[in-house]
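A, B, C and D label the chains in the order they appear, each numbered from 1.
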C-alpha cells in the first residue's frame, strides 16, 4: 500500500533516467544506509561485524566485479580468486614500499594492478567464446597462484610465504592490523563498497554498461552497430578485475590480517561465481543478496542444530552445506535463472499492487 | 527480503551475544578445537581432532574435569581453510575461550597477531610460526613441545650419525604452502655450516596426488637422503613414488606430519623402511590411553570410526596436544588460585607448567613423549624428537630422543622474531 | 579517412557500389562476381529465392563477411573489404533476418544502444554519471524518444524486449537501426513472418523513413507485392549470381527472373 | 647468455647424455597422458550427446572410486563392489537426467555449465557425508590388477615400468575401442550420433532424448569409474583428485570438445609436454610449473587455433 509509484510523474528525461526513479526506492536506500552506517556499528557485536558484515561486504564487492563480467558482459571467468590475489599482493607491496601513503588510497589503487592483469588474461576473449574462456581464466588462476608462491619478492621473502598486514593509520586512527577495532575496519569497508557500488551502477547505466550488455546479448549485432569488441570486452575485464582486486586487498587488510596463497585459490573463484548465480546474473542488488546468502547460510546452518538441541558434528554440517549450495545452484538455474534478485523484484511488484493480487 | 535478512541475522547475532555472556560462566573450561574433518587434508585432521577431544572427555569422565571444572571442547570445522579458521575464531572467542589450537599453519599465522589483542593464547603444537618460540617477542604464542626448525636440526643430526652428512646431497620435498616452506631458511643455513648441498622439490597442493615428475627430478638429482615436509594425501603418494623409482626408503625421512598410520596404511608393504620423525608415543600401551578407551571410546562418546584407530600416530598427537592444554590449565589454576580461569590466566599456565618425566608417569603416559618444561622466554620447550620406521604394517621406534641443535636454531628464531615484529610498532613484548 | 560524408553526395548519385564481389566458404560459392550500385535517396531491394546469397551480400556490405574478390565503394572510398566498425561509424546500419535484439535490455535501452557511436563521454564522467555524461545521456534520450514516437511504441518503452511479440520486436529493431541516424539502412527481411496488417504498418514506416529522413534503404524481402510497391530499383540474385537489375516493372517481366522463381532447370 | 644456454642447450644435452632417463620421462608422460585422456573422454561423451560441458566429471571420478572402495569396505567382494559401483553410477546418470538436464533443455550453454558446477558441489558434500573425507586406498590387488614393476636395462641405465601403468594404458585402449564399437555398431550408438548432430532432427525421427542422455551419462560414469580405479591405484582415492581432473579442460581445448581421438591425442600431448617441461625446464622457473603448464599451452593454442586440433572452422551467421 505504501509502495506505490502512482502520482509520481516525471517531468524531465533527467528524472526518468535516474537510477532510482521511484521515491520509495530512494527512501529505502537511505534507510539501508542508515542501518549500515549507524545501527550496525552501534548495536552489532564484534563477531557479527568481523565475521559476518565485513566478509559479506567484501564478497559483495567481488561479486559485483564478477557480475560485471559474467552477468553484464556474458564472459565467464573462474579466475576471480587470483584477481583478488593480485589486488592483495599489489597493496601489500605498495604499503611496504610507501609506508607513509594513506592505506585507503593504496587499497583503491591496488585495483589498477589487477585491472591490468585482468586485461592481459582477457585478451583471448576476443577470439574465443563461452566455456573456452573458462580455460583461459583457469590458466590465469593457476599461473597467478604459482606466481604468488614462486616470486618471493611479492611477499617480502617471508619465511612462510604469507603476507602479514602491517599496522597502518589513516587520519590518526589505526585502520589495519590486529589493533584496529572491528568498527573502524567495518566502516572503511562499508564506505568503499558503497562508493564503488554507486560507481558501478553509474557505469552500467551509461554508454559503457550498455556496450557490455550488447556484447552479452548479441555480440555480432553489437559489432555491426559499431561496438568494438576489443574495447567492450577489455573494459569489462578491466573494471571487473579492478573490483575484484580492491575486494582482495580489503579481504587481507581489513578482514583476514594475513594471507597465504590458499586465500586466493580456485575455490574462491567458485564461491564468488555461486554468489553471482544465486544472487542473479546482471544485477547489482543480486550481488549483495548472493553474497549474503552464500556467506550467511553456513553460519545459520551451524546454528540450527544447536538451537533445536541436535548434536550434529561440525563436519556433517559442512557437508550438508556443500550439498545445499550445490542443490540451490541447480534449483535456481532451473526455476529462477535470474536468481534472488528476481525474487526481490517480484516481492517489490507484489508490494506495489498490494492488497490486490495484480 | 534483504532487509529481513539483515535484521534477522542482526537478531541472531545479538542473541548469540547474549548467549556468550551466560556461557562464560564459572562452570567450565571452554576450549575450542579448530578441527578439519573435511577437505583434502581431512585424513590428517580427523585423528588429531579425535585424539584431542577424547582425552578431554576422558578427563571429564574420569576426574570430573580439571580442578573440578568440566572441560567443554567445541569443534569448529575449518576445512584447513584460513578464512573459515578466522571465522571459527571470531565466533568462539567471545565464549571465554582459554586457548586456540589452530591445527593449521595458515590459521596460526592469522591468529598470532590477534592473540595479544583478545588476550587468548595460541598453542600451535609442532606447527605454525617457528618464531613464536621466542617468549619475549611472542607472549601469546606457543609451540610446545618443539618447532619445525628444531625438528629439522634433529633429523639432520640423525643423518650425520648415519655415515656423516658432509659432502652429501640432501633432497627436500615439501608441500608448497607456508607449512612446507617454513624450514627452508634453516636448511640453507645448515647446508653451509654442516657442508652438504640441497635440492628442493616443491609439491603444489594441486599436484599432491600426481608427483611423478617430482620424483623424476629426484631421480635426476640423485640426492643421498630425502627429507619430506608433507601433509595429507601428499605423503602416501610420495612414498609410493619413491618406491617406484627404487629410492632407498630407509634414506627417506618424513617430518612428524608425514609419518602417520593413515599415510602408510594405504602404502602397506611397499613403504617398508620409510622413516619419520615423531614426538608422541605410538600405540595404546599407556594407562592414560586405556582410560580413554574405557571411559570414552567404549562408552560410545568418541567420534572414532573404529576402535583400532585409537593409538595411531596422529590420534596420539592430538591427545598429546590435549595433555599440554590440560597441564597448562592445571598450572594456571595453581598459579592464580582460581578454579575457573581466563585466557590471560591460561597464558600464565602455558608459561609455568612442567611436564616432567615424573609427571608424565603420574598421568599414565610414561615414555609417551620427551618431558616439556615451560618457561617465560622459551615457548617451545626445545623438545626432542625420535625416529620411527615403517615395517610394512606398523611403526617401530628406531632411535632415542635426538636433541635439537639449540645453539644454531635459537639465534635464527630470534632473528625471525625480530623480523616479524619489525613493522608492527605497537607489538606487545615482555621481558623474562 | 573518407574524403566525403553522406551530406556531400547529391540525391541520385552513387552512395555505394560493389564491384565484382565473390565470396566463398570453403568450397561453397555464396556470391559470384556481383556488381551493383545504390544511389542516394532510393529504396533498393535485393530479391531472390532462398539460398541466393542475399543476406551474405548485406554481410559483405557492412563488413561482417570479407569477400575474396571485388571492391566496395562507399562515400567515394574504394575498399577491398569493409570492417564492421567502419561501416557503422560511416553510417551503415541494419536489421537482421532473425531478430537480433539485445533481449536482456528494455526497448529504451535497445534503441539507446543504437546511438552508441554518437556517445563519447569518457570513462571518468561515466563513473560519476555527472556533468557531461549525464547531459549526454539525457540529450540522447530525447532523440530516442522521437524515434519511439515515430514508431508508435511508447507503451513498451520499459519492457524487456525478450517479452515482446515478434511484430513489435521487428519494429524495435528498426528503431534501433534508425537511432544511429544512418545514411544507408540495410533491412534484412523486415516483414518476414508478419500478418497483413503488420506488413502494412512496417511498409509505411519504411516509406516514411525514406521520405521524412531521406534515408537511403537497401532491403531484402520475399513478399513480391511489397517489394514491387516499395522499391525504386531491384537486384535479383539466384545461386550467388546477379540475374537481373532494374525498375520493378522491368524485373517483373524478365525471363531469367521468372525462370528462377518458377524453377527452370539450369 | 647463461640463461639462454640453460633454456636452449643444456636440457638437450641432458636428454642425450641420459637417454634412459629421457625414456623414463616419456613413459611417465605417456601414463599421465593416458589418464588425462580418460577423464577428457568422459567430458567428450557428454558434450557430444548433450552439448553439456560437464564440470562434474572430475568429481564423478572420485565419487565412483569412493563408491567402489566403500562397498568393499562394507565387506563385499571386490567384483560385487565393482558391479554395485557401476549400478550407482547408472543411478546417478538417471538421476542427473531426471532432476537436472530434463529441466534445462534449450538453456544457454553457460547455464548448463554452471548447473554442473552445482552438481559437483552437491556430489562433494554427498560423497564426504557418506564416505568421510579421509583418503582411502584403492583395492588394487582385490580387483586383480597387477602391482609389480619391470626394470628394463637400456643405454647403460634403467627404465622402470609399473605393471599397473601398463594395465592402465591397456584398459584405456580397451575402453576407447569399446566405445567406438558401441557408437558405430549398436542402435543406441547410432541414435547417439544422430542426437549429437542435431537435437531437433533426432527428436523428429523418434529418438528419445532423455534416454540418450541418461545412457551417455552412464557411459561417462563407466569411464569415470575406470579412471578412478587407475588413478586411485597410483595414489589414493581422495577428494584432492578433483583438482587434477580439471586438467582435462586444456586437453579438450587441444583435442576439440567433440572428438574422441582428439581427447586421446590432446591428453598425450599434455602428458608428454608437461613432464618434459617440468623435468628439463621447470627448474629454471623454480619448479612446480606442472600446475599451470597445460592451461597456458591451451591458452596460447586458443589464440591461434580456437577450434582445436580437430575441430572445423566455425562460420558465424546472422
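We adopt the following convention: contacts are C-beta pairs under 8 Å (C-beta built on N, C-alpha and C of every residue); 3 or more make two chains touch, one makes a residue touch a chain.
As the structure is a computational prediction, the values presented were derived from the model and not from experiment.
Chemist: So if I look at the partners of subunit B and the partners of subunit D, which chains show up in both lists?
Modeler: A
Chemist: Can you check which chain pair, A-B or A-C, has more C-beta pairs in contact?
Modeler: Output for the comparison: A-B.
Chemist: By CA centroid distance, what chain is farthest from subunit B?
Modeler: Here the answer is chain C, farthest from subunit B.
Chemist: Roughly how far is subunit A from subunit B, centre to centre by C-alpha average, rounded to an integer in Å?
Modeler: 35
Chemist: How many angstrom lie between the centres of subunit C and subunit D, each centre taken as the mean Cα position?
Modeler: 48
Chemist: Could you tell me the distance, in whole angstrom, between the mean C-alpha positions of subunit A and subunit C?
Modeler: The computed centroid separation for subunit A versus subunit C comes out at 41 Å.
Chemist: Approximately how many whole Å separate the CA-defined centres of subunit A and subunit D?
Modeler: 33
Chemist: Subunit B: which residues touch two or more other chains?
Modeler: Expected reply: 37-38, 42, 176, 202, 204-206.
Chemist: Can you list the residues of subunit A that touch 2 or more other chains?
Modeler: 142, 146, 149, 220-221, 224, 315, 318-319 - these are the residues of subunit A that touch more than one other chain.
Chemist: Give me the residues of subunit D that touch two or more other chains.
Modeler: Those would be 128, 133, 243, 286-288, 291, 316, 318.
Chemist: Contact residues on subunit D for subunit B in the complex?
Modeler: 14, 18, 21, 24-25, 28, 31-32, 128, 132-137, 149, 151, 160, 162, 231, 234-236, 238-241, 243-244, 274-275, 278-279, 282-283, 286-288, 290-291
Chemist: Show me the residue ranges of subunit A that touch subunit C in the complex, using the header's touch definition.
Modeler: Spelled out, the residues of subunit A in touch with subunit C are 12-14, 16-17, 19, 199, 202-203, 205-208, 210-211, 213-214, 216-218, 220-228, 235, 282.
Chemist: Touching subunit D in the complex: which residues of subunit A?
Modeler: 74, 76, 123-124, 127-128, 130-132, 134-136, 138-139, 142-143, 145-146, 149-150, 220-221, 224, 266, 270, 273-274, 277, 315-316, 318-330, 333-334, 337
Chemist: Taking the complex as given, what residues does subunit B use to touch subunit A?
Modeler: That would be residues 1-3, 5-6, 9-10, 12-14, 16-17, 20, 35, 37-38, 42, 75-77, 79, 81-83, 86-87, 90-91, 93-94, 105-106, 109-110, 113-114, 116-117, 129-130, 176-179, 181-182, 184-185, 202, 204-206, 303, 416, 420, 423-426 of subunit B.
Chemist: Over in the complex, which subunit C residues touch subunit A? Could you list them?
Modeler: 62-64, 84-85, 87-89, 93-94, 96, 100-105, 109, 112-114, 116-117, 119, 121, 123, 126-129, 133-134, 136-138, 141-142, 145, 176, 180
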